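Per-chain numbering from 1; labels A, B, C and D assigned in written order.
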């Protein structure tokens, strides 16, 4: 158990160390590494192209890499871009998980709306790169954060490991309706109607709140 | 009229309320004076009517339940009700109080004319309050009510002594008028403790606080308790009536305006002690020991104060000490069982002492505040009325017939002799001697006072002499009235053996002082006659007075400069006397110094220990928060980190369970 | 393939998001890290939905997205307001809670 | 490799190749069309030297662009700066790839859908990638590290978001009537019930306006308003990269036109075609041509409007987007739902 925890800790710390070594100067290099890995794998086993595992693994790697870049990169704009990449990766995961509708709205809502908002704000405030993550605020904070993160990851791994073996699944083996807009809409407007309305109220509230907050001065 | 008894104390109280609340701002002087005097006059009229209607009986007027205290297991009711009672004794008192009080109110109008309006109103408000309280004291039907009045008059005396709280009273002693007031108040507190304790003892013994009830039950009280109660009450009386050793406040009470000295510290309040003693007469009759002590103390006080009085140079101080000595006289009478005489003297003294003070006030008024008799003299020509009235008063107090003092003093001495009985017990004779001696000394220093003030050549500086003027009618009128009073009041109690007039007062007061059988028996026993025939005694007393006057005349005829002991720097006994036997200093050394030391210790303890403890508690809290605030970096990230840590801890419990 | 794969990826993403929130000082980046965490959770939901063949998970994802949108809008508005006052988005400069 | 996979691979590659060839050609000739039409509108001649009617002009331009030196200013944020032009292309291409240009035909014994990708959630894909269009411009503007460019980027991002809303809502109207997200279903539904434009004229107009805004063309070309911002987001670009922005604009135009045709004007539908009783391939060809004609018409409208209308002021743009189009679109949505309820449309 403890070993597994330590393992998770080491994994994360190592990952951070590596990326800090490479990034932000050579962000391209990370992508290159990704591509190289993929190519190597295909070269070894062309049949892998047809397997879900190959693509899932590729996407997963990209996702984690981009996530790390978000955290590592001092430039907010770059973080935004990598977050977009990450969101796309997750959208792809949704596709693999037979959730086409989720994938679609993932891109529409996140990539299309939210991230544009972030982009817009970053441009509006015209933010420069954060003057080094090593600025004041204490190394303790950062080190503690990383260590705690390692522990956390280790715990999660442990919990996942302990779920016990679940059967494999075939992405194709599904009722035709699964994951389509029609199904989801059915649920939303029957069982989760109240929650749905509540969500709409939440959005309105958020909208008004945002307007009030961002207004230069109220009348 | 009798039913309006409750109104008598209430009227001055209303006056107090009116002047106190509105006087300073709204009412003009005229109205203030009108209210002040009017209320008292009304009270006087009411009292007169009530007394006429009373016709020597006894009338009680319970008003409302004041302190409902349930019942004893025995079933007797403990409730104290607020009520008034009128009987011959209190009748005499209220007449004296309201009558003289009214005159002095009138006098004050003139005396206080130079006061600013606010002070004027304040003065009359206080005076009225005093009247109300004094009447409550006199009329109270139960001890607590009396005590309320008792404390009330104490308060008023404090307020009025300190009336000019911003002025210096005694430059040498660095004593301000406020200090004088405080001194009076505190000294009285000592007595009041005794009063309260006595009250409680009686309550415990008889189960009631109603005076009548107590007096009726007095016979059944254990003699020890009885004596204790009597002595404790007497302690209170000492406080109010300025007996040894608590007399020290009275001379300093002269810091107040002269009318106040006249009203409160001569005529009325200081006699409260005597009044209560007489009121409690049956109780004392059951405690002969206590009575003896009363007599002794009274006698000693009389002589002691008289001696001091000789050497005083301040006109009011002289009068003050004479007051003390006269009060001693009354106490002596009370102690000797001659309550009638005591009350008689109380009354006459009220007249002539008030007169003396008012006269002195008039003099001071004329002299623009000068009080030192060594700088006076020859005022005879300038203040004829004052001079005449003052002379009457002097003769009265010196005991020259037919003035009031003669009769009352004589009756007291007679009473003392009677106490001694046929054989004449040495104590009684000694006390009688004291009385005679006091009489002589009194005559001496009063004559001295008179001569130094009015006779001889003027000794005041030139410019003062031009200002000299007789006081306005509003001041002289009361003088005249009082002079008449002090000239004739004596005829209310002419001793039988002289004949001519019946002894009105004795007959009037008889029902009170012949209550229980025991007392009757005691009086029987004393009635038997005295060691000396009354005639002889009277002669001796009269001779003593004349001797006093003569010697004084001899010494001071040509003014103080020729005065033997008074002139050259005081020596020996004179010095002692001038220093008032250094009683104040003695009390200071014996009582106050240790007390101050104790206070200092207590203060040190408070600062060093208590405060430090409290502060250290605060400091501890401060320190704790100083440490705690380090956790508050204000950086959200730090909080988030801790939050994350907590999450992980929880997760550990969930996952690794 | 096993669901665990997605779960592990999600766990890693979530952890990275957490660490990002703790490490970064730029409020906008922090907001983004929060979005990242939300996405990780969404991924987990989708994976479980797939495993248990029920679309309830999808519904949850939907709602999480709604909340995320609202959160982003308000958060950015706050950041803009903050920027107007202090000319910075460094949360350490907004440390008025400090003693 | 089993034949199914192989066939998918082959078919896709062929389609994609064809797709790109066609689109790029059209883009190239759109430049010529634009210049000729503008000339015609302004009563000029326009390019007529290179080849007959100057038909080879685009080729010449392409070559010129290729040989121009492409300068990368030192102050730009390089990775993004390089990425941006490519990003601009992707959304329009992806969007276009789901549009059916004709009915499924059987060729060489294979049943081929005339469409690069037949996606179930076609509409969603369109919306998704339409919303992606902003990134290229915004990033280009930002990475240029230059005030004008930044302003351009800001404007475009704000503008695109604003008009997407209206656009999306109108599209929702379309898919409500259809009850499906597949573009093929939408077309067939129109074939059966008549074109959507007949029932949803306001929606159609809003869609068109939004399309103009999405393509950053006049009267909505504030991101590159030369009178205010030099050249907006592509101020710092030169050579081939600049031309990519240029081409991307036309690509967007094509996408917009294709969508307008598909969603509202019956796609490849030709009224009364079946009455002629042509053989299937011929009919398919006719329909493809018809689709092309519709797209061409809309492209012409784009050009026409550009050379007719003046540019909006920025606040006018925002007001139009938020205070006019959005409410109208919502009302229109109500109207459409009414239609759906009453079974018509």
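Observations on the structure shown:
Assume contacts are C-beta pairs under 8 Å (C-beta built on N, C-alpha and C of every residue); 3 or more make two chains touch, one makes a residue touch a chain.
These numbers were taken from a predicted model, which means no experiment stands behind them.
Chains joined by the most contact pairs: A-C.
Here the CA centre of subunit B is 116 Å from the CA centre of subunit D.
Rounded to whole angstrom units, the spacing between the C-alpha centres of subunit A and subunit D is 30. Centroids of subunit A and subunit B (each the mean of its C-alpha atoms) stand 99 Å apart. Within subunit C, the positions touching two or more other chains are listed as 18, 22-23, 25, 92.
With touch defined as above, residues shared between interfaces to two or more other chains in subunit B number as follows: 635, 637, 641, 644.
Contacts with at least two other chains are made by no residue of subunit D.
Chain pairs recorded as touching, per the definition above, are A-B, A-C, A-D, B-C. Residues 1-9, 11-20, 22-26, 28-29, 31-33, 35-36, 39, 42-43, 46-47, 49-51, 53, 55-56, 58-59, 61-63, 65-74, 76-81, 83-84, 89-90, 92 of subunit C touch subunit A in their complex.
Listed in rising order, the residues of subunit C touching subunit B in the complex are 18, 21-23, 25, 91-92, 94-99. Residues 1, 137, 141, 144-145, 148, 151-152, 155, 158-159, 162 of subunit A are the ones that touch subunit B when the two sit in their complex.
In the complex of the two chains, the subunit B residues touching subunit A come out as 635, 637-638, 641, 644-645, 647-648, 651-652, 655-656. If you check the complex, the residues on subunit A that touch subunit D are 27-28, 46-47, 50, 75, 77-78, 81, 84, 100-101, 104-105, 107-108, 111-113, 116-117, 119-120, 122-124, 126, 180-181.
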